[in-house]
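Look at the two complexes coming up: subunit A is in both, with subunit B in one and subunit C in the other.
Moving on, here comes the complex of A and B:
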């Protein structure tokens, strides 16, 4: 800040300072909005603290001393493997508007803002959470991620994991097992830890504890009308990306305990007549929280999400059937690709089913289909989803947004109209 | 293309070799006991006791043998044993001895069972000779039939003296049978006293072989099984070390590293369907091996269609596998036998289907134990894929042809059957093993690396699975709840892929889709490994008995919440907080 005023240092330094200043301002704004929402559980504080730690205080990921970070980009990278190899995964999918503006000059116009933000972070090189990563692991999912892998490889120690585009064939899964073995060798170069059953089993136990708490959290969230505000739980799910999972587990344990106790007393986070909304589509990464915030501000109840920075991010547990090194590797490859609802896969009927199941579990009344501008794969699946939900009589709206605040008012009008449609219109079938 | 043809030719050669090997299975002996005749010896001593036989391993002793004629039952009829030496036993001796001693108006008779030869004959050991006026025969280990002068003795009172001296009075039924006697009463030897009229009294001492468990004799019966276990262990150790050697230099040893490991993390044991399955398996293993010894009864009319060896006479039920592999024998039996066989089969197939494979079959139990041993050692197994399962399916067809057809061409499936190596040996029956002994080694080693590998090629299991549509146990899937994570397919020991890929039922339904296939053994592994609530369920008569549950699933892997601390301390956190 002082640098900026006194005009000290080179132009590059000033640019960096400006970047930090701007991005922390946005982060503070959205954190405040999250914290200002009513019915905030006290146990949410550690999660918002993590986001504050990373995006406002500009510190690295929240991890124990001496654990190197590995940057990961999609849910196809099993965190278990990285923890087993003595490192810690940090999900680097960016949601920063400031970084998006920087990346806008690097990536083509039609590239998605998420990738632009990542490229922006990379080119400006000031965010510690990005800079401290000793390895970048990019699964080749959509076209943007493919080019991102190439871009990162020029600058950083990067490994690209070839994700199969189909999943029903055995060979596809076996191919991904191979990729994971290659990944483990790359990780050994970074951390000097050899792949071993004991470490894998230990890491799986650790993530299983986190997923156990998450499952508990999901069960609690199914309580009617609403146990925790959607924006709050999205913040908690975003925090997993920058926290060592053992810490996150403890935070989640406390959060679950608090919600459980409140639910027992009958204290809920929302009134009963709020339209119940599910959000799906492109990832919602902090600080790009405008859509969840708008939903709740407009009187809707965000009951569930089907996005990869939300519940999906840590949802699928590995089913370790064979208690051996190879058995765990297979389980990890299996859980990373097969249940994944990412639309980059050729066949994605399971996403429709998944959402149908969520409609039932959370008594959803309307679906908001979020598409980041340029996110083609998600845009493709909107048609299918509209058709399927039309059969069930659930209204769905496609909302396209970009990483800036210019479209907030327009989004507000559309979301408000949608919520009112559910509230008073034909959409309120339930 | 060329490669494909070569593969087919190789497979055809393998198939023919397997069939030929099965045909000559008896000649390719794994372990051969001496002929019972060569082992047998009879000693007669005059020790003043009542006329009776006793056993000591292969030596048989006749007590109180004054002025006695000893008869031996042969295929040709009753033969007189002239000298109590091995060489003088008749060459077609069937194993049963009888001795007769007349003392005034009391006729004492002693008789042995046929267990001596360890042979399996469905017919009872009847002499029906003029020299032996009063006789009892023990049939099917279930009832005694009393004969007097060659005719069944109906509706008369007979006093039975048990080995502990207690007496019982029983009445024979219309066909001369005594059914009130417990098998365990028989074991110690017992006397039948029949007073035909005031003049004549007949006392018959009947001796079956004394206890065979935990004796030197039992150990010697266990010898081939011990050898099998030993060779299997050697094979497994060799395999692990060879894999380590071979793939040491390989850069990408995917699934072939054979890393053996220790795990310090304690597993959480949760009681559930799996526990029930293990308890049932252990119980049925015990009952199908020592059943009649434990309970004292035999249900010989129940022809349970599992690979429990019929050579073991101590099991609780009869084994249906014998008639399946010997259809030629089946049709020479009486109609009751045929009815019992088909009746049990139909009832079992409809009520249980392949649940028998997953819960009851002793061979399945042995394979599961081998699998659990690998799990405990954390040794890498063979990761199977569709290609391998296709090959296994073809092998299963060959096995089926051998199983059903070998009886007609004069072979004996029992010499080829691996199950013959376990059950009789554990019960103490000395059974010479043909090729089946080698086969058993393959079964143990392969099921160590691949769970339930024999079940994949089991012909009897296939026949049981044919009726899966009528079976009351069903595996149901809810396609909407399912995330298609493939955990069920990974977990399935039978490699059933459709359970993972089916997205819609035949009538287009999305929930309660019947995904039972003829291969499914209802082991419940898929449900256990299913992380989605209600996605998979085992139903009985439409009622859910075992249901997938996410919280239960997570508990298998996650430690208890109060034990999260070690994770935090493992890598100390002092940077933050």
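Moving on, here comes the complex of A and C:
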């Protein structure tokens, strides 16, 4: 009775407080797990601090210049355009179990957990990183994102961008260029900054610096696949979603320096005999790090990540051949779609080629294909990957998972068995 | 094993046909429709039919299809047998429509797509992936993109460009090109067919004592199954005449059965589980609000048919971009307004929202439907199922409970009215 009387605030306030509490508890737990993994580079701290800032301290995105935030939901939104228009992109694809539980009551049962988490965040309305966004940009890449755009549009200033299902015809590219122009007009409404060659050029320079550091990092990883734990790398790549790119570049520069120095001294994060694993499929968004953590806890070395939270979003620089505003816009539309390995495209052979390249670069011995429940587009492509990897004799396992921890032990058994299979079976002979 | 699967494929159609024929044995002019639909399940037909163009789904405006192809072969899913054939090609959570459509095109028993150009719209995740599976299997596919939003000029122009490109591809295959004359003729033909569809729906509604709901659905869907649209129109016209005659000769008053609107995923022959359940629960279908009915509801107005072919194309583009099926749209304004129109017109007692497992886009739309229905005090029943028949008894119990609730509501309403 006393307890009942002593409750402060309305039921809604208490619900929000519970949400924040549970949300930060989960984030703390996973941050601790990431930090507890051995051989953590010192230079990883700023990245984990970003995740802490957003998900534990609930402080919103790390935005030192105080520019307006624009929420994006896919790698197909070029960050260059948002920076050029005087805003900062914040990738809002959700990985929170707590938000997923909230979204579960709003979205249909079979919707993917990522979208449920976004809807959960939107509905509860307490996460500063979501709340401070002045515009939401949703590229229509799958059925769930399509309906999500409608849901967000009822609540927030939202723009949906049509991503053509083909990308080889000039007409398709033209369509996306026009969509980006419409997006820039919407950005002008938010920031009062007009689209100009100077600003685009400046923004491309800024992201190019980040791409340079990332390519340096990728090169280091190619040379020394075991130089850093995959989970640590994924944490660094997740942090780009919530940090101003100039800061992230600096952090990445320091990380590269440290890894390079360690690698030259022969200090590796994993032992040479650990099976080298590539992860691909549905995105792995912090704090949903159970699969990378399980891989490394079970004795695997996560050497490569072909998901859209990995290097896919920042890997390809725009190829600017025409030094004009329109030339840069076209280059941005091109770089956002043509090299992209997202299964939203009807013809996605590029993903197979990309994975083949990664298998070679990182000397991968096994592939974990991650499918978030309800993420049908990735599920469709599993069969293709299975066939292609079968030809190379590289084992692949399909892991279906949701945003909860109930399946962790089952996943652990499957991942452990898979790693053992590589270790004592086929993989060891390679 | 193979013959068992083939038998299951045929039996499903035979059972539905038998049921429809038994329930509607008094209708002489109906006979052509079950025969036409069952033809597609006969080995002889399937082994010999060589369609030039196969249209997957009904998202592409029929006017464009008929402008460049005389006899398109529509595939709308519906068959459990064909869905089974596609099991190994698709992920577990794929919707039955996509499975079934794929099974029609890739299976061990027949190959109707050998010489055909498969035409489809990229309206959902499954559809975009079906295209790549079909291409990988060596099939010729021509696909068009549907912009998910209709509000901007950019999307309208893009959609138009997509339609023209698709029509050119089909024209190249069939030898019939998209000319002003062909488009005008196609519009005339489709408008006529849609007019017959409406006349049939109206008469079937008033003559509901003479024709079952399943038969109504079958007659309407034969518009897609018939080898020739003209032939379908002739037979529908005869059936309309027969029903009209019966209506005039016998003033058959219907007992007060609750009327429901069925909306959501299309119910396609031979899987008529839902109308069967509705009938067994003592209810009648007042109207179906799915993408098939929505398409049939679109017709270029008479005044617009004499405008230039360019403007005619613009009219088709604006109509279809607004009303195209839900999977392709961020907000399905076309379906909502069609649904609202039906509610206002027919005053249904209940709404059955039919959702095929995996077609989550309809599930996303359910809250809007529920809100509208709540305002009009109409109960909504969400029915999720697939093409399997194992859940029939569970669904029957739920449907009966819904039917009883609606009946009680009608009785209470009547009492209140009388006492007032």
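One rule holds in what follows: the second predicted complex is superposed on the first by the 418 of 430 C-alpha atoms of A that agree within 3 Å, B and C clash if a C-alpha of one lies under 4 Å from a C-alpha of the other, contacts with A are read in each partner's own complex, and residues count from 1 in each chain.
The rule is short, and it goes like this: a contact is a pair of C-beta atoms (placed from the backbone, for glycine too) under 8 Å apart; a residue touches a chain by one contact, two chains touch by 3 or more.
Fair warning: this is a prediction, and the values are worked out from it, not measured in the lab.
Superposition of the two complexes onto subunit A shows subunit B and subunit C fitting side by side, with no clash.
Taking the C-alpha centre of subunit A as the vertex, the lines to the centres of subunit B and subunit C open to an angle of 90 degrees, rounded to the nearest 10. When the two complexes are superposed, the chain touching more residues of subunit A, out of subunit B and subunit C, is B. Legend: residue contacts after superposition of the two complexes on their common chain; A:354 is shown touching subunit B, with no touch to subunit C. Contacts of A:284 after superposition: neither subunit B nor subunit C is touched. By the document's definition of touching, neither partner reaches A:415: not subunit B, not subunit C.
Of the two partner chains placed around the shared chain by superposition, neither subunit B nor subunit C is touched by A:304.
Of the two partner chains placed by superposition, subunit B and subunit C are both touched by A:178. This overlay, made by fitting chain A, leaves subunit B and subunit C with a least C-alpha separation of 5 Å. Residues 171, 178, 182 of subunit A lie in contact with subunit B in one complex and with subunit C in the other. Here subunit C touches subunit A in the complex through residues 89-94, 122, 124-126, 128-129, 131-133, 135-136, 143, 145, 147-149, 152, 154-155, 158, 161, 165, 327-331, 357-358, 360-361, 363-364, 366, going by the rule given at the top.
Put simply, subunit A touches subunit B in their complex at residues 53, 62-67, 167-168, 170-171, 173-174, 177-178, 181-182, 196-198, 201-202, 204-206, 208-209, 211-213, 215-216, 218-219, 244, 246-247, 249-250, 253, 316-327, 329-331, 334-335, 338-339, 341, 349-350, 353-354, 356-357, 360. Listing the residues of subunit B that touch subunit A in their complex gives 252-257, 259, 261-265, 374-375, 378-381, 383, 385-387, 479-487, 490-491, 501, 503, 510, 525, 529-531, 550-551, 553-555, 557-559, 561, 564, 567-568, 570-576. Across the complex, subunit A meets subunit C through its residues 107-111, 140, 142-144, 146-147, 149-151, 153, 160, 162, 164-166, 171-172, 175, 178-179, 182, 343-348, 374, 376-377, 379-384.
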